[in-house]
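Structure incoming, see below.
Lettered A, B, C and D in written order, each chain numbered from 1.
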Amino acid sequence: MSDRVRAVRIRDCEIGGPELVVMAGPCAIESRDQIFQAAEVVARSGARFLRGGAFKVRTSPSSFQGLGWEGWRLLREAADANGLLTVSEILDEGQIGEARRHVDFAQVGSRNMQNVPLLKAIGRSRMPVMLKRGFGCTIDEWVHAAEYILREGNQDVVMCERGIRTFETATRFTLDVAAVPIAKARLSLPVVVDPSHAAGTREWVESLTLCGVACGADGLLIETHPDPAKALSDGPQAVVLSDFPALMEKARRVAEALGRTVPIGPRVGVA
Amino acid sequence: MSDRVRAVRIRDCEIGGPELVVMAGPCAIESRDQIFQAAEVVARSGARFLRGGAFKVRTSPSSFQGLGWEGWRLLREAADANGLLTVSEILDEGQIGEARRHVDFAQVGSRNMQNVPLLKAIGRSRMPVMLKRGFGCTIDEWVHAAEYILREGNQDVVMCERGIRTFETATRFTLDVAAVPIAKARLSLPVVVDPSHAAGTREWVESLTLCGVACGADGLLIETHPDPAKALSDGPQAVVLSDFPALMEKARRVAEALGRTVPIGPRVGVA
Amino acid sequence: MSDRVRAVRIRDCEIGGPELVVMAGPCAIESRDQIFQAAEVVARSGARFLRGGAFKVRTSPSSFQGLGWEGWRLLREAADANGLLTVSEILDEGQIGEARRHVDFAQVGSRNMQNVPLLKAIGRSRMPVMLKRGFGCTIDEWVHAAEYILREGNQDVVMCERGIRTFETATRFTLDVAAVPIAKARLSLPVVVDPSHAAGTREWVESLTLCGVACGADGLLIETHPDPAKALSDGPQAVVLSDFPALMEKARRVAEALGRTVPIGPRVGVA
Amino acid sequence: MSDRVRAVRIRDCEIGGPELVVMAGPCAIESRDQIFQAAEVVARSGARFLRGGAFKVRTSPSSFQGLGWEGWRLLREAADANGLLTVSEILDEGQIGEARRHVDFAQVGSRNMQNVPLLKAIGRSRMPVMLKRGFGCTIDEWVHAAEYILREGNQDVVMCERGIRTFETATRFTLDVAAVPIAKARLSLPVVVDPSHAAGTREWVESLTLCGVACGADGLLIETHPDPAKALSDGPQAVVLSDFPALMEKARRVAEALGRTVPIGPRVGVA
């Protein structure tokens, strides 16, 4: 299906081409030690992007809200030291200037999918952007949200399916795997899958990761943490960092069965 | 149930007291003529607020996006001429300064319920605010969103139930009537009901309006338009303006059966 | 709206006429004492039907499954002693013969809404029947299910909205109040509302009861129990029997505001 | 994950072992020619079961309701001629006697998941049974429904995930892929996936089929028809029979990447 997609290039990486692009790291950047540990392991396992939030949109104002600018500096440093690119969420237009220095790939979060001023600002910025699907939004609304960005002249848009809200409570959200081929057919843009937020519990992340590959996603966005029990955000759904290489190995086998590749080993010096 | 609620006062109007406060008008302000016609009829029927959007968040970027600042000026003028207060949606922090001059009651729309920078800015502004429930959000998340505003020192928060997304497609959304008493029990803030967006079709607006009164809402937010067939936004769900007085009369009867009042007639010169 | 409905007559009672018909009683018939206590209070408050399950469809096979035939005999006796009619769920065709002796109004439960052999058997039986909406079913599917009964020549069908499954977990189900006028418009059959299963907690039953009246329902189906803490089924959602008269009084006021009546006092000797 | 599952044996076939068991055929048996054509192709592609409905539960009574007993006779004949086993839906207890002669694997449909008399009858029959998940039911309720069968002494239960009802309308249902590992963890029974009903349109069946394999399903239930445009039931979601071998080849590659097998070629004379 990827032949119908116009790939998005971010530095030396192409999303929507033959490679399955893996983005991994903690939900929130918490400390230098944490993000460097994560970067080292995910790079070694074939990931291309280090993920990590510096400005967190949390359901409750009492929850940890992120390290802010300092978080982005640490993310950049850890990524650079391991040959990785960076992906991180931007909450409002005022953050874009600083983001350009630290973030290679901007993320619009699920709760902001219909925040039109933000979509337009990201559009004007021309930063490559990953548009997460709103958990209460239809595929049709998600496509229209992308059009707000595209209309401003920014064509570097990657869609991200991360689960929708349904009556089932055994998982945090229900991963809508069919949305991947449908969004591709509608927009010809690359689509990646976030298995972590859908699962809500690490026990089910492996199955959803493999489904992401199987439904034709062009990439994966996975949360992993050196010590999830101590995570300040979304610990229960983070894959234990020491288990991450085995997960990647399984994903690679399924990807290869479908004619896609996942790079092996670290890429220090390449990016 | 209203005795458990701390009322919010906006000029001479109290939401959460014995009066059922009605806010009505078009979805979008389209012209001077349109908004003045609406203002005259809704004032005469007992409404206290004139509603109308100047900056519209539309699903598609191709749809009408509102008249902008000129819209707010017309809204203010039409309201003042008919003894009404104004309620209108604010999309980002940059609009707050101008809003203070034209808008008595700020609205945070459903799509922005978890736009944290906006919630905080509204909190700092101390403008009375109506927080619409995100159509994909739980009551629990809605309560947490209100806390983002309250924490900034703004206690003048009114909640608005406007329907949630379900599998049923016969209506645009499903009005979650139980959310009204539940939100009151959780927050002790007034709660109003928007029957128009839930219905999606004017045919069902009357039933949902009466349910709003029956479930204990402290107010109603109703879309009405002089000529819905020509409306630039949400025409199908707008009550025809000439039918609005009869709708109000029914709502008044149910309100009175439950010990609440709805004012009769225009209030020019009072506000 | 009731003028568009063809009323269903069950003995001396008409559902779909000017009277709001109340059906009340415990979820499950548990003992002679329990059902007689319930019958006495609900009759005194203006209810016309005594409800009570003898054959319960429970989610888990470990839960109480009902008293069976003995339950129906007790239901009949308690109803007759208090001038009430009876309504109870039928699970399969084999129960219809016995049901004719004890049950005036057959109920097809939510979980059986698409049990076609049962729908056809009820259709052939010509028993007046209340068809509950499947909690995962659209209004369209509910209408089609009614057609399975109507096609067999049984026109005495009353629809019952009892809440649908949504992502909201603060209530057991979400009462779809708009379904009442929509189903009437589609089928011209009477529609009643069950506020108890939607609420799931007695705290919210009053609000949903009043919404049922407000949206134009032709009747109400309410669970009430002399001692809900000891109930063998659905105790948390049962209105405490001693609170039932006050609930009815509120419902009567809203009904009267909308031009409908609820009878006052017991009707012993009338049925 | 399959090591945690107790396999169910049906004649020479084991569901829950290393083989991914494919069941395929038309939604409804329509004619001798149709079912024989389907049987020949699915057998040749590695399927083990021929599926086909003789008694259809249709949403509307106006739709085609199936060929009845004659359907089952044709299914048996076509399966025997091609070395296949048979799977077909049973609607009520009265069909079980005849089913034993023609149906190797009984199916309880989604609309009957909580039809307790049917679950108990299937339990007493000791027929191997596939329990489809109710489209409005939680995993927890599905597990409890299985317990109604298991309690009657029938341990040969296979679970089938077939999509749940959500707000998304681009597909007919949303395939809940996480339900596969979760149901296995809860019950230690095999779980199969039906991609056809979830997709609703054949265009998305391939992606959902591969997801079924990727999430660890022990089998697949796929609708295919020689001429879907003329199908009397669910034509839009049926894979064109001539495309079925290529679909199977893709499924086989993913299965093998995950350490499972799919047999190649026909098995005439084996069953």
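Here is the rule we go by: contacts are C-beta pairs under 8 Å (C-beta built on N, C-alpha and C of every residue); 3 or more make two chains touch, one makes a residue touch a chain.
Quick caveat, the model's predicted, so the values are computed rather than measured.
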- Note on the structure: Per mean C-alpha coordinates, the chain lying farthest from chain C is A
- Pair joined by the larger number of C-beta contacts - A-C, B-C: B-C
- Item | Intercentroid distance (Cα basis), chain C paired with chain A, Å | 49
- Expressed in whole Å, how far the mean CA point of chain B lies from that of chain C is 35
- Overlap residues in chain B, where contacts from two or more other chains coincide: 136, 140, 164-167, 169
- Complex interface listing, chain B residues touching chain C: 136, 138-140, 164, 166-171, 174-182, 185, 198-199, 203-204, 207-208, 210-211, 213-216, 250, 253-254, 256-258
- Query: Which part of chain A faces chain C closely enough to touch in the complex?
  - Reply: 165-167, 169
- Task: Spell out the part of chain A that touches chain B in their complex, as residue ranges.
- Result: 57-62, 91-92, 111-112, 114-117, 134-137, 140-141, 144, 147-148, 151, 164-165
